[in-house]
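The letters A, B, C and D name the chains in turn, as written, and every chain counts its residues from 1.
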Amino acid sequence: MPGSSFGAAFRVTTAGESHGPGNVVIVDGCPPGIALSPADLRRELGRRRPGQSGLTTSRDEADEPEILSGVFEGCTTGTAIAILVRNADACRADYAELRRAFRPGHADFSYQAKYGRRDHRGGGRASARETVARVAAGAVARKVIADGFGGRVLGYVRQVGEVIADVSDPGAVTREHVESMPGGEPNLVRCPDLVAAVRMQALIEDVRDAGDSIGGVAEIVVTGMVAGLGEPVFDKLKADLGKALFSLPAVVGVEYGTGFGCVTLRGSEHNDAFVVEHPGDGAPPRVVTETNRHGGILGGIATGMPLLLRAAVKPTSSVALRQQTVTAAGDPTKLAVGGRHDPCLLPRFVPIAEAMVAIVLADHYLRWRGQVGASRSG
Amino acid sequence: MPGSSFGAAFRVTTAGESHGPGNVVIVDGCPPGIALSPADLRRELGRRRPGQSGLTTSRDEADEPEILSGVFEGCTTGTAIAILVRNADACRADYAELRRAFRPGHADFSYQAKYGRRDHRGGGRASARETVARVAAGAVARKVIADGFGGRVLGYVRQVGEVIADVSDPGAVTREHVESMPGGEPNLVRCPDLVAAVRMQALIEDVRDAGDSIGGVAEIVVTGMVAGLGEPVFDKLKADLGKALFSLPAVVGVEYGTGFGCVTLRGSEHNDAFVVEHPGDGAPPRVVTETNRHGGILGGIATGMPLLLRAAVKPTSSVALRQQTVTAAGDPTKLAVGGRHDPCLLPRFVPIAEAMVAIVLADHYLRWRGQVGASRSG
Amino acid sequence: MPGSSFGAAFRVTTAGESHGPGNVVIVDGCPPGIALSPADLRRELGRRRPGQSGLTTSRDEADEPEILSGVFEGCTTGTAIAILVRNADACRADYAELRRAFRPGHADFSYQAKYGRRDHRGGGRASARETVARVAAGAVARKVIADGFGGRVLGYVRQVGEVIADVSDPGAVTREHVESMPGGEPNLVRCPDLVAAVRMQALIEDVRDAGDSIGGVAEIVVTGMVAGLGEPVFDKLKADLGKALFSLPAVVGVEYGTGFGCVTLRGSEHNDAFVVEHPGDGAPPRVVTETNRHGGILGGIATGMPLLLRAAVKPTSSVALRQQTVTAAGDPTKLAVGGRHDPCLLPRFVPIAEAMVAIVLADHYLRWRGQVGASRSG
Amino acid sequence: MPGSSFGAAFRVTTAGESHGPGNVVIVDGCPPGIALSPADLRRELGRRRPGQSGLTTSRDEADEPEILSGVFEGCTTGTAIAILVRNADACRADYAELRRAFRPGHADFSYQAKYGRRDHRGGGRASARETVARVAAGAVARKVIADGFGGRVLGYVRQVGEVIADVSDPGAVTREHVESMPGGEPNLVRCPDLVAAVRMQALIEDVRDAGDSIGGVAEIVVTGMVAGLGEPVFDKLKADLGKALFSLPAVVGVEYGTGFGCVTLRGSEHNDAFVVEHPGDGAPPRVVTETNRHGGILGGIATGMPLLLRAAVKPTSSVALRQQTVTAAGDPTKLAVGGRHDPCLLPRFVPIAEAMVAIVLADHYLRWRGQVGASRSG
């Protein structure tokens, strides 16, 4: 009932604040026998890490994970996995003023209203710092879905401000496209359309230099899907993925396939025709859709086509410009949010969103195995 | 773990198919002492009812609810409330062909892939018929939030195809605006902008006459909100509302406040300034935001401002035009989906979406009361 | 969070009162493809049915189940199964006095204290009438565990008052022993030790004729167990079975294997030695224990040995003798509980306890399949 | 669905093994504003600590708790509380043989059967070492129920082997009786009947010296109860308490009030009469029962009388005597379990059982507040 757990069969529970000793995640339900090492976690944590470039906050965190349980001799045991990531660079001085006033766009006021008190330091539990625990859990989830059915989750930045990337075939994008520029230097924005990536980077730098911030859209694609994942009625795959993405800070919109763009199409234009695909090489024929306007889910259940979803991320609420607000005592005041903030959340949002999608898929994969998957493959 | 339950403190569990004996819902956790009668349920079920106008399916259902438990001498007892709505007009002949072939845009194929079998009659469990149970539960939830904190949920159609309604002040729309035209005749489209309503109706009729279908956008506004509802991290109010709306058939996008439109704003433009409001008449001053671009939720927790959210609903998948698909045996075929279908889901979607929003709010209200609300008011 | 649901993967939700229109159960998570008919339900409901003999209440209920959903063409579809059993013989006159005074030993007072109101008719939601929904769900669960791993749940009466049955080999008891006397007439007490059965019957009749009631002990044995069911830490098999049995009205004690009798044994006497069994006929050798003092569960996980558990059932609280109590207004009064009551709950408790045990096993079987079972058999 | 979480509104999730880096617990749902310090945790952890006397294992653990989150400026914030207790004295050499063979009475075989692998060191996740996390969570729960309604949980040893304590008034026992002898030295057995305590201690020492072990019965009493806690049907207070106690290692029986002893009473003897108590001093009269054979729960809901429950704890499975078993390869072998073990679990079981009872009560208190408590007190 409280909010720090997610999932049913693959269950993730987190704790931790921005400026406490650290963040911890317990992953319960991971199948036994999956190779898992700190290196697996480090890889994903590194992509989320603050301070990785001039486009992100300068907060410096090593984000070194410690596996406290659930792994024995290099493999998961099937019992609960706990991972601890300590907070290192908790600069208290930056946050003294936040005790006094509510930052616009942040959870300061709503937490105060809910609990009658709050940890004001960097937003406390509401800080995006907590996503470090999600990314650690997501690294485990990635292994579960890769082992289980070959699922692969890939995200990238589709839009920043007015700059929209051209990604004609989402299923063909690779992590290399997203992480690296052709010359080998890192793709700081994580946009596979390199022309757009350059423009996005320039836009973010301009906004940053103006003491302001900007939002955008991330797109996530999942290939290697297995038809049948998802549950009827309330736990539709799109419902649980939607919840997962909306549980992330700053997400204000989520859409699948054609999304809001579906509105101006007729049903006859929007429906995807079913056809039989013959993969050849002795593989059995399979039912696919000619197009993928539905985004891989029908009736809430995966069709086996790539999942395709997008999240709208609002401009970072912390801006250096002075803004109107009130103090906890109810007096008007002006506040310029100092400290170290991402001028655009999108580049670091990509690995976080991927983690949440992987967690949902791991959960639904194990649920499906329990009810129907085992008997069908047996 | 299976998908037919929703909510933690106010828990809704449904069962039923399109062409079985009926649909049933169990609402567990409703507080005691709330007046509840079949008339309360009938009012909402009537708004969802098929056959209410030429814009909806001609399937004719009385949708008479029977309260099986949980109400004694006109009031809720605090124990589980079960409500049964029988299916009456289950026209089997219409669905014979659906055993053979998968309808494009529907769950026929994905259910078959998941379960290895399916109730093909009208989509079985995947039919929107199951929403009758949600609307019954939503009628209970409406009473819980009205009694509990004065919450009021109102939805309307914001867009159909290219026709966009002009709704400058969502918080000022009333149910009368949505349900009735000025002359007293029903507002068939449920759009409070009457000029747009007339154009939407004409568009839907054109599309229907062409054997096709069309989608749109519904907007939901909740007034009377109490600051503090929602949980940190995974069970943010926006996460649970997002899940609730995405759990509805045909929803392919959800957004809050500025939604996807936030992308082209700067942070300094997007943040809503906090100010102190002095309601007068002896009421205590309270913190509000000058504008409501955030849509009533910050950090996942309600700010007390009106909730504002929108859902994109795809064009009805059932169209009379012939479409390419495959049979269960894997042979290509053409299918024209006969039977009785809404050419546009939006008018009947409004009460269904309202029900889900009310259910989420009832759930979070009871959760909040348990953890913090009781001590704060005491 | 409210209390009318049980189980995670095989999820049972009930509603209904003693004197409302009926009781309903939704079983969510049942695998697809299991043959299920009203006859399967009737068989178990008939064993629980009131009025089946002079040892039970004379309330007369046909207990005819109606399957509302989840079954299509004779088989489960994998979606939620709803079953309705209407109340027929709700004799209101018997219960008029219960509005006024709290029955000793019953939930009248505690419900009033909790909810500030109550349905006084026959105990309302607290009546053992609600177990009709559990038995219907248990009939589904029995099929799941029989299909899934060959599990078979059998209960019987081990003790009534001072009369203790001699059951040297619980695993060898059959339903025929429990349900029938050698001559073919029904075994009214459901005790497989026929000498004890006759004495128990005489004792119950004596107690009944004295206007009093008596308790006893039921024993449940599960054969065909698969090693590995159960979860670590909180959801140990013994924990979930314990919860299931304690959730039944009148159960005041539960024990496994040697149970409370373990206290006077030394560890070296209590531990069961592991040995390897060679079943022959080409079946692989398997690890078993020489004795079964542990009752089939070690560390909360099934060992594959028969489950063996017992529940203590208190004497029926409703007795015809006049007892001291208070009215809802707080005045002392004397109350003789009229109406129709079982002088001893044990005979009808047996099928109810079996149902709960089957539900727990179905749930853990599906949980186990999801996490580890599928990969191990694949 | 996996087993490492407990509770709905006050939700406890644990991770950790006997010989991993440490054990961690996340407590989610604790109300804000409760004073909480490491000293509060240390007090309870110290009572559970190994090595506290010659009656317990000689494993030496400081069991120093680190609060990682959820507490700010000395008070709970309302968000998730994480507590880490590192393992210090993990003596690997003792456990080398356990990789090879299954210890009788332990979970070695059932874990291997479930997961196909296991952490053999000291039982891994199945070790009673995990209860350190429960006791930390229980220390938080104690504060919640003390603050919330004045609830106080007290346990003691009622029986060891054949030695039964005489405790005529469980509600009058104090922690001083349980923890200290009259001279001030510690009451090593935690039995408030001092004559029995001395005999129990001698018995445990004899058994220990013989390389064997012995079991017993613990009794838990909760005073300061509020009528109305507990939920109908499945989440009865006795059901959740039963699950909590059965989730503890070595518990093989649980009973309430008269428990298994109810069997030989008649209903007229067993029912507790309701009477009105006039506390005087201006306090309102209240309904109580003259006797407390029911143990404080009727219909699954608390009556306000003291809770009274008992758990049977089997003799420690680890004994120094050589026992028959099999190896993981299926060969017969003899095993003497070396290492450091409690010859009788009861003395350290008391604080662990108290913790679980406190957790259940905190959970049901918050659930009750959400549904009915807030409105009734308002």
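Note that contacts are C-beta pairs under 8 Å (C-beta built on N, C-alpha and C of every residue); 3 or more make two chains touch, one makes a residue touch a chain.
All of these numbers come straight from a predicted model, not from anything done at the bench.
Peer 1: Consider the two chain pairs A-C and C-D; indicate the one with the greater count of contacting C-beta pairs.
Peer 2: C-D
Peer 1: Among B-C, B-D or A-B, where does the A-D interface recur, judging by over half of the contact pairs matching in residue number?
Peer 2: Looking at which residue pairs coincide with A-D, the repeat is B-C.
Peer 1: Provide the C-alpha centroid distance between chain A and chain C, rounded to the nearest whole angstrom.
Peer 2: So the centroids are 45 Å from each other.
Peer 1: If you average the CA atoms of chain C and of chain D, how many Å lie between those two points?
Peer 2: Each chain reduced to its C-alpha mean, chain C and chain D end up 26 Å apart.
Peer 1: Spell out, as numbers or ranges, the residues of chain D touching 2 or more other chains.
Peer 2: 1-5, 8-9, 14, 29, 32-33, 78-80, 114-116, 125, 232-233, 366-368, 370-372 - these are the residues of chain D that touch more than one other chain.
Peer 1: If you look only at chain D, which of its residues touch chain A in the complex?
Peer 2: My answer: residues 1-5, 8-9, 11, 13-17, 20-24, 26, 28-29, 32-33, 66-70, 72, 75, 77-82, 84, 114-119, 124-125, 366.
Peer 1: Show which residues of chain D lie in contact with chain B when the two form their complex.
Peer 2: Listed in rising order, the residues are 1, 8-9, 29, 31-33, 78-80, 232-233, 366-375, 377-378.
Peer 1: Which bits of chain A are touching chain B when the two form their complex?
Peer 2: 1-6, 8-9, 12, 14, 102, 104-111, 113-116, 123, 125-126, 130, 159-162, 207, 210, 212-217, 227-236, 238-247, 249, 251-260, 262-276, 285, 287, 289-290, 294-295, 297-304, 312, 314-319, 321, 323-326, 330-332, 367-368, 370-372, 376
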